[in-house]
Amino acid sequence: MNTENFSLSEKIVSSSYIRQGSQARRGHEQLIRVLLEQGKCPEEGWNESTIELFLSELAVMDSNNFLGNCGVGEREGRVASGLVARRHYRLIHGIGRSGDIAAVQPKAAGSSLLNKLTNSVVLDILRQAGVRSASSCFVVPMATGMSLTLCFLTLRHRRPGARYILWPRIDQKSCFKAMVTAGFEPIVIENILEGDELRTDLEAMQKKIEELGAENILCVHSTTSCFAPRVPDRLEELAVICAKHDIPHVVNNAYGVQSSKCMHLIQQGARVGRIDAFVQSLDKNFLVPVGGAIIAGFDEAFVKEISKMYPGRASASPSLDVLITLLTLGASGYRKLLSERKEMYSHLTQELSTLAQQHGERLLHTPHNPISLAVSLDGLQAHSDQAVTQLGSMLFTRQVSGARVVPLGAVQEVNGHTFRGFMSHSEMYPCPYLNAASAIGVTRGDVELCIKRLDKCLKSLRKAGSAGASGETAPPSAQEDQGAAP
Amino acid sequence: MNTENFSLSEKIVSSSYIRQGSQARRGHEQLIRVLLEQGKCPEEGWNESTIELFLSELAVMDSNNFLGNCGVGEREGRVASGLVARRHYRLIHGIGRSGDIAAVQPKAAGSSLLNKLTNSVVLDILRQAGVRSASSCFVVPMATGMSLTLCFLTLRHRRPGARYILWPRIDQKSCFKAMVTAGFEPIVIENILEGDELRTDLEAMQKKIEELGAENILCVHSTTSCFAPRVPDRLEELAVICAKHDIPHVVNNAYGVQSSKCMHLIQQGARVGRIDAFVQSLDKNFLVPVGGAIIAGFDEAFVKEISKMYPGRASASPSLDVLITLLTLGASGYRKLLSERKEMYSHLTQELSTLAQQHGERLLHTPHNPISLAVSLDGLQAHSDQAVTQLGSMLFTRQVSGARVVPLGAVQEVNGHTFRGFMSHSEMYPCPYLNAASAIGVTRGDVELCIKRLDKCLKSLRKAGSAGASGETAPPSAQEDQGAAP
Amino acid sequence: MNTENFSLSEKIVSSSYIRQGSQARRGHEQLIRVLLEQGKCPEEGWNESTIELFLSELAVMDSNNFLGNCGVGEREGRVASGLVARRHYRLIHGIGRSGDIAAVQPKAAGSSLLNKLTNSVVLDILRQAGVRSASSCFVVPMATGMSLTLCFLTLRHRRPGARYILWPRIDQKSCFKAMVTAGFEPIVIENILEGDELRTDLEAMQKKIEELGAENILCVHSTTSCFAPRVPDRLEELAVICAKHDIPHVVNNAYGVQSSKCMHLIQQGARVGRIDAFVQSLDKNFLVPVGGAIIAGFDEAFVKEISKMYPGRASASPSLDVLITLLTLGASGYRKLLSERKEMYSHLTQELSTLAQQHGERLLHTPHNPISLAVSLDGLQAHSDQAVTQLGSMLFTRQVSGARVVPLGAVQEVNGHTFRGFMSHSEMYPCPYLNAASAIGVTRGDVELCIKRLDKCLKSLRKAGSAGASGETAPPSAQEDQGAAP
Amino acid sequence: MNTENFSLSEKIVSSSYIRQGSQARRGHEQLIRVLLEQGKCPEEGWNESTIELFLSELAVMDSNNFLGNCGVGEREGRVASGLVARRHYRLIHGIGRSGDIAAVQPKAAGSSLLNKLTNSVVLDILRQAGVRSASSCFVVPMATGMSLTLCFLTLRHRRPGARYILWPRIDQKSCFKAMVTAGFEPIVIENILEGDELRTDLEAMQKKIEELGAENILCVHSTTSCFAPRVPDRLEELAVICAKHDIPHVVNNAYGVQSSKCMHLIQQGARVGRIDAFVQSLDKNFLVPVGGAIIAGFDEAFVKEISKMYPGRASASPSLDVLITLLTLGASGYRKLLSERKEMYSHLTQELSTLAQQHGERLLHTPHNPISLAVSLDGLQAHSDQAVTQLGSMLFTRQVSGARVVPLGAVQEVNGHTFRGFMSHSEMYPCPYLNAASAIGVTRGDVELCIKRLDKCLKSLRKAGSAGASGETAPPSAQEDQGAAP
């Protein structure tokens, strides 16, 4: 309420109480002021009432909520269903304009503010999470894969003659498809085995560049977060190579914001070499629904160029989700989630290691992977041929989600390219294994339940013998998905 | 509640009442049954309680809502904010899989059902709206422009050598950008003036095909819904030409679902010639928030190919919005909106015509445009040079949204192409004009307020004389946007 | 947002758009201003966004929502469940104070405003509905019966020696219990039959007063809204008698606000004689959930005395419901409901009359009852003894709610008093009958479905013959309830 | 969804996923089953989605939500505002019937279940909290005071000749008014000072009974939870006296459920003597909004008698709130709140004691009061006459809510009775003091902020000297309220 309305209220309810109420209102306004002024994630989270007040303030600034508006255009932000209007806080006009997804809309001052603030708050968090020199970013309502596609399409205009993208192998369909969809030919650089770890083959990369010619290469497309025993790419070295050959470098940092190691790699890569853009998922890093990504970079002009490539307006929904979430958590809340994740990673390492030993397996030694772990399944396979895939099904039906069994020798064709040893990021990984990850939001309860159920499954499989007594039929596609999806 | 729980309830509350309650529940179940069985938009809309019951049923089927789930993957559908969880009805996993945006997800049976049902219900409505032979469609959480880009990227794999897209001119930035973003060179086919109308120049199209060679042309990219005095493209003839030369044909049907004429054109085009895909906006046709589109076609395999091009999962938010909306309206409610729109189109025609006469202008004669109308501003311009643009600003500040003033001689560069006479779809339209549209959801109140305010503005401008007395400064970008955005 | 925050926003989003947004905000503030200033129901209803904005403004003024509050009392408005907090818009402190349910609370300026405004808006509506000279009222979170009890308890302090309440018979348990619970002895004045109507026996009333002595009588307790063939009491004459003997007069106006006739009776009664208080249900007149009533009167001091009788704070929930509802409808929306009801009353009269004729029954002639109608069931009873009660069960299982069958000769004891001919307001009504009412919110669909189902039931009962073929077992208590409950 | 709908879903989405979804649904059903079967508070809390699923299941069983219902009664559960319908989960019919607030309603099987289950779950919690032998209880949508009134009104019918209620003094207006409103004369039994504590004067009670005659006494009305230095009444001894003289005994246990001591007193009293009913607030014990109470007892017949006294239906809102809250917390969550409160009581004791010493005051020794504490303000008063009341205002404006300053010598008339030393439960307490309480839901942050602000205020007042430098004007009624309200 404005000053006039507070004054009127004093005639109805004792003025000292109203004054206190009005002062309390200023408390909320003050939080909003700091946000508008600094464009940063507040250190302490806001409570729900401040957030809802803020969102309703934004909504009244959009033309579809003007009390006296009359609309004779073809896009007026009308909504037929009250359920839909409410779930979007009546912010209907989406974000961006035909020319630029980051631009402001004349019809929607509130949605425009939302868009700008979200990008600004998210940039702040990316910096706090380790990429201190990131200069610019924007939230885009597309998953990581399609966002990578947008980056590649933007680069095409800079390098019209280029046909290839160099890509250290990672067995996830969508990042492979991202290149194919953009119309380029992915050049797969197989990983090399170092101990248990699969790491970037820098020499092969170097050789391939010389073979194809730098001018024919659109970019190098590297990856941080991935399933063990693959580990994040050697970003620093790749960035230096890119700089040397003047080749753009796009990093798939899908769920890497949650790991200081991944973020550090990007920061270092950009410092010593060249990184043009890095792309991360909203849902995997910020505990929001699937459907958004952040495209970030170190050169504001290039990031702007990408945002201008998106033709037309876009859904504000992912921006709204991440803004609500970050305002709720505050920077301190987000840091807390990160440190709990780290702690849980140690715990999971410990527990899996112990369990592995008890079952005659071992935890693969993958210290460079800060999120995902792998336990060998040699013994299980020796016991029975189908046991490995059976384990996958058993875990699925026991509601252990995210645990992923990788057998040997799977072959998969994706858009015309044949991947041998699919799911293992390698044509010849020495053993089958099981993955488990400590991702943001994981709880001690998750870890403990998983270990307990895994233990039971392993015991039951061994008891069953090669007959495959459990007889459970795996939904094989379920299993494959856990392997293949970013 | 299941049978057991109803029985238990009978021990607490008199069994005849519980039986009646349980029978009432079956009423809701019955509605859901019909939806699942037929996959069609229910004839009569559901009430909010049935919809919410249904959505909560879907949500409990997703693994993130399993009571006993433990998650050790990197994507577990965790949500940090209760506000966010609730506004998505706890459907967090989005839609699609890395391989295909239309595929089902193992972790999310409920979200998968939602996705399938939405596509099925939307197809039913497209057919009912006039494209009876459409065979397949899917909702994609991207605006029309980016969805067109996805179609073009898919076609690239079929026609790897093609470089050009033939495009009858329409002055909307995003559909032009859609082609550029996809990496193609748009070939602009200027429209020809027939009476007041701007129509497709079929001869120029034919000539251009011969000049460039069919094999070098990715597709023809035509448009239905547009601002008057441009009218929908001659789809039938274009489709025949495409068929003859074996050139794909993609139709931008942005807000055409609401018009039986636009839909009829598509249906006819596909019958007599070739249309590969037609793309329409969710928000402009279904009264939902900005951010989604429907990609539809007549060949299921091709539509599937497009859906497989989208790399990675995607936001379920636009699907959820359109499903809720169509279940709320029912087919009968949607038809009612369509017929009210048509009625309002006649009313607006009448009112604008009368107003034009009173001010010495005239309603342009554009009978082929079923949605948008244009009123000449010759007289106003004669009166004062700035009056035309000033009118735009005045309408903006008076909360007449969507009315769009098009002056003569605007020049605009978009991605390297120079458009003369920008906003008017023609290098040399004879007069400046004002647009107003009767779009879905428009009310009699909208029309009346618009006419009243427009009348006042015109009077005030004339009184002001060439001095431009109102002195209002237009936010010119606001105006431009109304002209240029799809 | 305040001025400062709007200014900051102009640095982020173009200032002309922000200015328009800020102006739009003033539109909402303006509506709130008028409400605060006049304390009347707005003529036109508010939309949901204005209402929610207003409620969230109220909530931030309550101490439980102060960002810097620390609470060391025993009642701090803490809420354990987010679901609960949200459903009350975070207005937790209830209304009133230990001394007075209408008083303001220091800890809750917002809730206090809500309380005051609700009472003021409701008073405005009571006046508009016909009791123009009502001077004061308050919403109390108790049903009509308990609210009547509160009135009687208040009168006790004014008339400590009185033991009796004179009460023209109406067969509803709760208004009888209201007197017994308050500790008084109800003196039942039997109605007299005039034509088909049951009306107040003024002579018997007069005689009883003389017999008992005015000083021993706490009050006369009369009734307006009731089931036909009883009609509203002769309020004018009763009010004159009360004035003459200096006896207080409390009117049970349970669902009478919806009828201009009932309201007119009260207005007239107060003008020519004495009415101390009139009590009406919130749910039955304002389409809100069960649980609240309005206690109103013509002497502000006496109404205040009643409000001070309520010991302790009270739920704000009914006040919140009625305020939201009246702001949503606006005075014009409420009037529209009233006139639709009236229209539906004529329609129901017509339809029931026709139906009755077709089945050899007749619509009882009860022109003084503006809401409820009765159809004789003589013929049905002649046909079979159980048919009348069977009809009740059949209607219940066919989801005709509110239709009520009244057999002859029911006897019921309530708190020690024996009612012969219970449900019919008379010891000897000439025929059994069926009631149906046209109450606020009733639709044409309700009437038509009811007539159709009733027709089917009557046909089926006649066909069945005295064997009672349908064999349906009535839940007799269901039936009774429909008869006995106010 | 029912079995049929799950089968249909298997045709749309892979059947193994649907089966898992259907199994997940059973998980929720299972929780509901246990609740229906046992009628007890679940040990572990439910999550929001189970609760909302359950409530929507209840709602569909109410006739206002029947899809085929037609209503021709005067109370059909219609709701005009969507906001109102949603906030009540579409449970509109309230609870109870004209004859009994605990009875089931034919029109509302779902609401009836809600009502029964709530009463049953609440009884379980009362037992767990210490009154193991409680046999029956019900939630009533009235505050503690009005609920006590209802108990007294019920007793009147058992003891028609009784006029007096004996009441050990406690300075809260509403419990005094509860007796007056019911029409009885409260006989105030002054407390006696034992050390710092004010305790029940059993001898005076005994004498008063003899003086007035047991048959003239309606009941003894004792109190557990109260502000220090008063402590809970000597319930055991009072119960014995009541048993001896055959006098009913009603206990005001306003916020005593949160304290095992208060609950133990009631349990013991009932075991060794006589307690007819004990009444507690919902909001103060269960962290829900103001407006409900629980009336409980040891004799099911008597509790039933009270519930039958309430004339008419009642709001379901308080029942809904407490049910949602207890299902959310679970028994374990509620116990956790209780033990945290106890812990915070020790912490507050410690902190206040230290603070008192620093300012030359002392924490009064009141070990029998398990919730409230008092710090002497002798020194402050010696310093300046107004300082004590000024402290109250200062705390109010600094958002320390619930801290309550009690000066010496206040005189207050309540309904004709003059209380000397009002707020201090005694005509002559030796010193002024400040109260603070550790009530359920209090946090460490509350305690720390309170201590810090209190420290500052005390310092500033002493610095200010007798001039009263702060110059802050107290809203005196705010202060008084904190003293006088239950």
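A few points about this structure:
The letters A, B, C and D name the chains in turn, as written, and every chain counts its residues from 1.
Please note the rule applied: a residue touches a chain if its C-beta (ideal position, glycine included) is under 8 Å from a C-beta of that chain, and two chains touch if they have at least 3 such contacts.
Note that the coordinates shown come from a computational prediction; the quantities given were computed from them, not determined experimentally.
Counting C-beta pairs in contact across A-C and across B-C shows that the higher total falls to A-C. In summary, the pair chain C and chain D forms a contact in which both copies contribute largely the same residue numbers, shared numbers making up over half of all those used. Averaging Cα coordinates per chain places chain A and chain C 56 Å apart.
Averaging C-alpha coordinates per chain places the centre of chain C 29 Å away from that of chain D. If each chain is reduced to the centroid of its CA atoms, chain B and chain C end up 48 Å from each other. The set of chain D residues touching two or more other chains comprises 14, 17, 20, 48, 52, 63, 66, 68, 82, 105-106, 396, 399, 475, 477-478. Under the stated contact rule, the graph of chain-to-chain touches is complete, every pair of chains being in contact.
Contact residues of chain A toward chain B in the complex are 48, 51-52, 63, 66, 68-84, 87-88, 91-95, 97-99, 105-107, 141-146, 148-150, 153, 156-157, 172-178, 180-183, 225, 254-255, 283-284, 286-292, 309-318, 321, 324-325, 328-329, 337, 348, 371-372, 396, 399-404, 414, 436-442, 445-450, 453, 475, 477-478, 481-482, 484-486. Touching chain C in their complex are the following residues of chain A: 1-2, 4-5, 8-9, 12-14, 17-18, 20-22, 24-29, 31-33, 36-37, 39, 47-50, 52-53, 56-57, 59-63, 65-68, 82, 85-86, 90, 104-106, 109-110, 112-113, 116-117.
By the touch criterion stated above, chain D contacts chain A in their complex at residues 14, 16-17, 20, 82, 396-397, 399, 473, 475, 477-478.
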